[in-house]
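Given below, in the form of structure tokens, are the structures.
Two complexes follow with subunit A in common, the first pairing it with subunit B and the second with subunit C.
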Partner chain A sequence: MQTASFRTSAKCLLALLALAGVVGGAMGLAGPPWAEAQAKPAELKIGIVSFLSGPATVFGVPSKNAAEWLIEKYNREGGIGGVKIRPVYADEAGGAEKQVAEFRRLVLDEKVDLVIGYISSADCLAVAPVAEELRKLTVLFDCGTNRIFEDSKYKYVFRTKAHQVLDSVAAAKYVLSVKPNVKTIAGINQDYAWGRDSWESFRRAMLKLKPDVQVVAELWPKLLAGEYSAEISRLLVAKPDVIHSSFWNGDIIGLVKQGAPRGLFSQSLVVLTAGEHMLQDVGKDMPEGVVIGARGDHWFLHNANDPLHKEFVDGYRARYGRYPIYPSYHMYQAVAGVKAAYEKAMKAAGGAWPSLDQAIKAFEGIEYRVPPGRTMTIRGDHNGIEPAIMGLTKHDPKYPFAILDRMMVFPAAEVNPPLGVKSNDWIDSWKK
Partner chain B sequence: MTVAVVILLDGVLYAAVLFLVAAGLTLVYGVMRILNIAHGSLYALGAYAGTSLVLVYLKTGGPAPLMYLALLAGAVVAGAIAGPLVERLLLRPIYGREEVVQLLVTYSLFLILEDVMKLLWGVDPYYVAKPYAFLGTVTIAGVRYAWYQLLLIAVALATGVLVSLAIRGTRLGRMIVAVTADREISATLGINVGRVYTLAFTAGAILAGLGGALVAPLISVAPGISVEAIVLAFAVVVIGGLGSLEGAALGALIVGITRAAAVQLFPEIELATVYLIMVAVLLFRPRGLFGEWETRRI
Partner chain C sequence: MRGGKALPLVAAAVFGAAPLVLPGWVTFLLTLAVAKSVMVLAIALLLRGGLVSFGHGMFFAAGAYTVGMAMKWGGMREAVVLTFLGVLAAAAAAALLGLLIARYRGIFFAMLNMAISMVVYAVLLKLYWVTGGTDGIGIRTPTILGVMPERESLRLVMYYFTLVMTLPAFYAVHRFWTSPLGFALRAVRDNEVRVEYMGTSVARVIYAAYVLSGALGGLAGILTGFSVGHIVPDLAYWTTSGEFVFVAVLGGPASIPGPLVGSIAFEFLKSYAYKYAAFTWQMTLGVTMLAIILFMPGGLWTIYEGLARQGRQWRLSWKRTG
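And then the complex of A and B:
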């Protein structure tokens, strides 16, 4: 009798549990946040897009290296809440239209859970609306345009770094601190969005901070032109006190190689806002006293003793034979951001695997640790802000390439516009 | 005055670089009637080979001036290996086929060579600046120039003169002219047309490689340099007239000087100048400045 009644109550209990499961599941679909949590997936599949062919490979491969290194480290340490990360790498070459198709392929065919990607601003601008349409969490890791979140609002798109205004504003402030009596400036920038926007912000900031400054030359060579004899002659004729260039890639190396023997770098104070990434390539030929920016505070000797930074620099160097460059740091910020957001969301959901909406909610306003041992903040507009460093090149017998001397760190609040204010309006609003 | 001198000098300097790349392209087209999209890749191959050889040589610690020989040797070896291979394996089957087929084949070759170079040299940029800086500088009209740039003018001039002398004055040159004029009759006269093609293509490949190797000390040798080279080389030979060496020289001078003038006077339109000239020339002379009018063959 007793046993029978026990069996009956056990059956009742099981039935209740099953019912609770069904109701819980249905409510999960309906959407109250407390019931949204899902079963842990076998893995978190991340599409990772960067240039693996073409001239921007010099950025794409160091980014991919950083992703590879960091994901392996996270997986060794148990992944994200026990879920392993599986990267699917894709090539960013081919232009914006191809990237839109590639994004759809990653989402629809590869069925990735999210996408981290894009070095080119054009690709970021093209992919973001598609990410919204497909409702796929997408983390932009390296592109610099300030237009993306200033001109549109996105739910599913984040950028785990600051936009180009940071480099230009930090450069202007640094120039005025090392050369306060500057009278004339000139710019040599690549003739496309990045070059045009960077020069515009730098020029605006300089004129605001020192209104008597004169612009004596604005040069616009083609992206990837490589040969700058005529431009260098023009700058040698114009003799500006300060030359600004946001060149990157082989172009910046060409400018240094051709300009240094001709005295360009001794005649004027040259500012290379993306210069950090080529120092290891140019080696001992790099002239001293050139202002170098690092698209943030990404410099392997900055805060070098911080354990998180040291682990990254040493690990990266041991594996790839070079020091990480700023695109590697940007990738770190993206992968670490995803992990931090998921973990924050899991914590909020009481340890259960978060839904997409929960992950997105956790991502907004998140703060997490990144090299060189600082807090990375993603603001409510889905854009990251970072501090910036600037320094002057100087040779040191300990390194086969120039390192940064007289380094200044600009806190994030000094070089990023306040939330909701457009970059140019922000610069224009400065009080002298 | 200063500005005029600077424009002229910068223009000629740039023209020298352009001519070295365009000469091989126009030679190959003149002889074989093949528009070689992969010409830029042969240029990149020369740049990589020359740079690597200089880097190896500099490590041995030999006398510095000999590095220029290493640079040239790299270009010649690259062209002499790649030229015959490409011509025999890929181009031979497509002579006389429609232009679309030729374009597709040479375009595929371009893609293949890009990946071959990535396999051989990786994606990190190759860097050698010593050949450029080593010769020192000279001040002309108040502006400092590297002697290496002036050397490039001399090399381009010598290349142009030597190639045209070789075509006019040697037996092989005359065979090339004959094959250019009429392939079938040349064959009936006992000229080994296949061999002439191989030699002409190899010469074009070596010229491309030479251009790449000589420009390498100015630029960063990295994936993607071939595209830039081929686009400008096309503009130059189209302006000058496809297949004409004199045309390539004139085209290079026009493009070089106009660009230098644009940089000094209206930098806003620098990018457009090359193509504006191209459009202007093609409007009035659709076959380019030195292009010959082809009579229709029956």
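And then the complex of A and C:
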């Protein structure tokens, strides 16, 4: 009896579904009315997504702080062409699937005009196709993967920073300038995409620049493992001249505090390609003579007298009690990029508020000023290029943490692949 | 029994019409919730036999990654074929693992599932050049029966595709629960020895339930992958599996609609917790779970059942007095 009734209801259900599908499809095909809003809006609503919970808050909170500080400054100065910016902050924790749902909520429920966000590469890769589907301007501000614009083309997605190849190539060049007779290298990197990609680019660049270099160890501890005694023992036995690591967060503290007493840092030249963001946390425990990268030229003492940079560093420090770190600079580049693109588009449209297409057109190939007082360029592939700095740690009585000594600045053209060339092909094409 | 007949019809009308009145982002959440309810159903199926799995994420990942790989390396685009392939792969995995796992009960069953799912997670992570590591694999928009959905109607099409694919799953579990095998599973939970004495093989019952739940897990993974458009190894991580057990308890594992209700409630709870408590959303989820366990041990679906019972009594007393 029950089964028979279930069968009838199942049939009705199918019929209903089919009907709903037809009606729904017809409605969908008619398409939503995409209004070309040319009148000046009351405000520009920006969704800002970064880690507000979990271990990656070391990047998320400093970048949110920078957004907060910069947007308030812009609003005090009259916003973008008289339109005030209103930020809507969201948490990046929860994984790629959650971020896709969150992105849709920001766009369709909160009705933001654009989204700035994403520190994790997986989140960037997952969100970019959704941005295209929803036709929403989306500015990736911190994720490092080179896959995103090398494997796909996007119309609505931009990244206002360079990808991870910059850090690895700059690190290889810097190592060869401070230690030209390097014979052996080793890598200790977190076992996930960022660690793997970083080591691959560094190893490739080193072997290309100095073909007689030997790789003596490749170690892949788990992300956020925190305990590295076995890996440190391996490195002490292998005695590499140079150790490469793209560690971040507490993993850097773990490596430094466990490795320094055992002589790891005096035995080998250690390269921390993302080390800049942890210097203030490691404090006086950081050994001297460690190579530190800043994922660009983001260092608060670099070009410190430039008025734009000084204003940012002083303002940020006064408000949050710390110096800005590279994710803060990346957020600055994203917010400033949006402002520059809208202003450029307004100028081209004779002062009228730009449509989305006009704003996107203005964004391609734009150049604007960012700290530390240099020009930021977004190329035709929607990806930014930046110069890179590298330096050696040194303690200075003026600061409670290590600062950078023997700093070298690599111009953007030296550490970013030319437009349209894939990173690995670019490194392979170098001539000795 | 009135409620039993009308319920699927009402549900069909509500789910069929929902995206026509709801805003786009809610439709997307609903798609996700419906897709994942199949996974919760798989967990609830095992719970009926007194078995808790903290590793069912591996079937979720098996389904999703079969589709991802077939798309990335095999160049396949057809959703119906891919779904069939993925379910088959997940069922095959469950059939193989079931030979071992179906022999265990209680904490050993839960932990063995978890252990194997963590191995799957590690493999997806380590085979970086094949699976993309933590960056995952992008699932491109599939064709459905050879037709490529338009960008404007894509979400709607995916919603109805998910709904139609979910129907056989719910129907299969309904049939399973009312079949001798399903009754045997309930009996296993109460007294295994007696079931054996009655001449039914306990191992076979549990094995069948395990393979079915594995296949359902695979289907859920595939549908989730299609709607999100990106898959990552986290699908096989034990917290993902734990979340499904959480949702099964939230909705009420003892009924067919329970998993669906729980899944929908969970997706919206999570989304609103994000919206209104960006800094403390995890705590919101924890407090809700505590409240459910303390005050509604049968899950959300017991609210409806309680109301329905009360309604019947009302009608009866009305008739008597009138």
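Assume the second predicted complex is superposed on the first by the 395 of 432 C-alpha atoms of A that agree within 3 Å, B and C clash if a C-alpha of one lies under 4 Å from a C-alpha of the other, contacts with A are read in each partner's own complex, and residues count from 1 in each chain.
Keep this in mind: contacts are C-beta pairs under 8 Å (C-beta built on N, C-alpha and C of every residue); 3 or more make two chains touch, one makes a residue touch a chain.
These numbers were taken from a predicted model, which means no experiment stands behind them.
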A:Y89 contacts which: subunit B (first), subunit C (second), both, neither? second
With both complexes overlaid on chain A, does A:E102 touch subunit B (first), subunit C (second), both or neither? second
Check the residue A:L419 against both partner chains and state whether it touches subunit B (first), subunit C (second), both, or neither. neither
For A:L236, using the defined touch cut-off, is the partner it touches subunit B, subunit C, both, or neither? Pick first, second, both or neither. first
Please work out whether A:D191 is in contact with subunit B alone, subunit C alone, both, or neither, and reply first, second, both or neither. both
Output check: A:S53 vs subunit B and subunit C. Expected answer is one of first, second, both, neither. What do you get? both
Greater subunit A contact set [subunit C / subunit B]: C
Is A:R147 in contact with subunit B, with subunit C, with both, or with neither (first, second, both, neither)? second
Touching A:V130, do we find subunit B (first), subunit C (second), both, or neither? second
Both partners, subunit B and subunit C, contact subunit A at residues 53, 191
Footprint of subunit A on subunit B - complex, ascending: 2-3, 6-7, 9-11, 13-14, 17, 114-115, 118, 123-125, 127, 129, 132-133, 136-137, 142-146, 149, 215, 217-225, 227-228, 259-260, 263-264, 267-268, 270-271
Subunit C to subunit A touching residues, read off their complex: 1, 4-5, 8-9, 11-13, 15-17, 19-20, 23-26, 28-29, 32, 125-126, 128, 132-136, 138, 140, 150-157, 159-160, 163-164, 167, 171, 174-175, 178, 224, 228-230, 232, 234, 267, 270-271, 274-275, 278-279, 281-282
Under the definition above, what is the set of subunit A residues touching subunit C in their complex? 2-3, 5-6, 9-10, 12-14, 16-17, 19-21, 23-25, 27-29, 31-32, 52-53, 89-91, 94-98, 100-102, 104-105, 107-110, 121-122, 125-126, 129-130, 133, 145, 147, 191-194, 196, 223
Which residues of subunit A touch subunit B in their complex? 53-58, 61, 191, 217-222, 224-227, 229-231, 233-234, 236-237, 249-251, 253-254, 257-258, 260-263, 278, 281-283, 285, 322
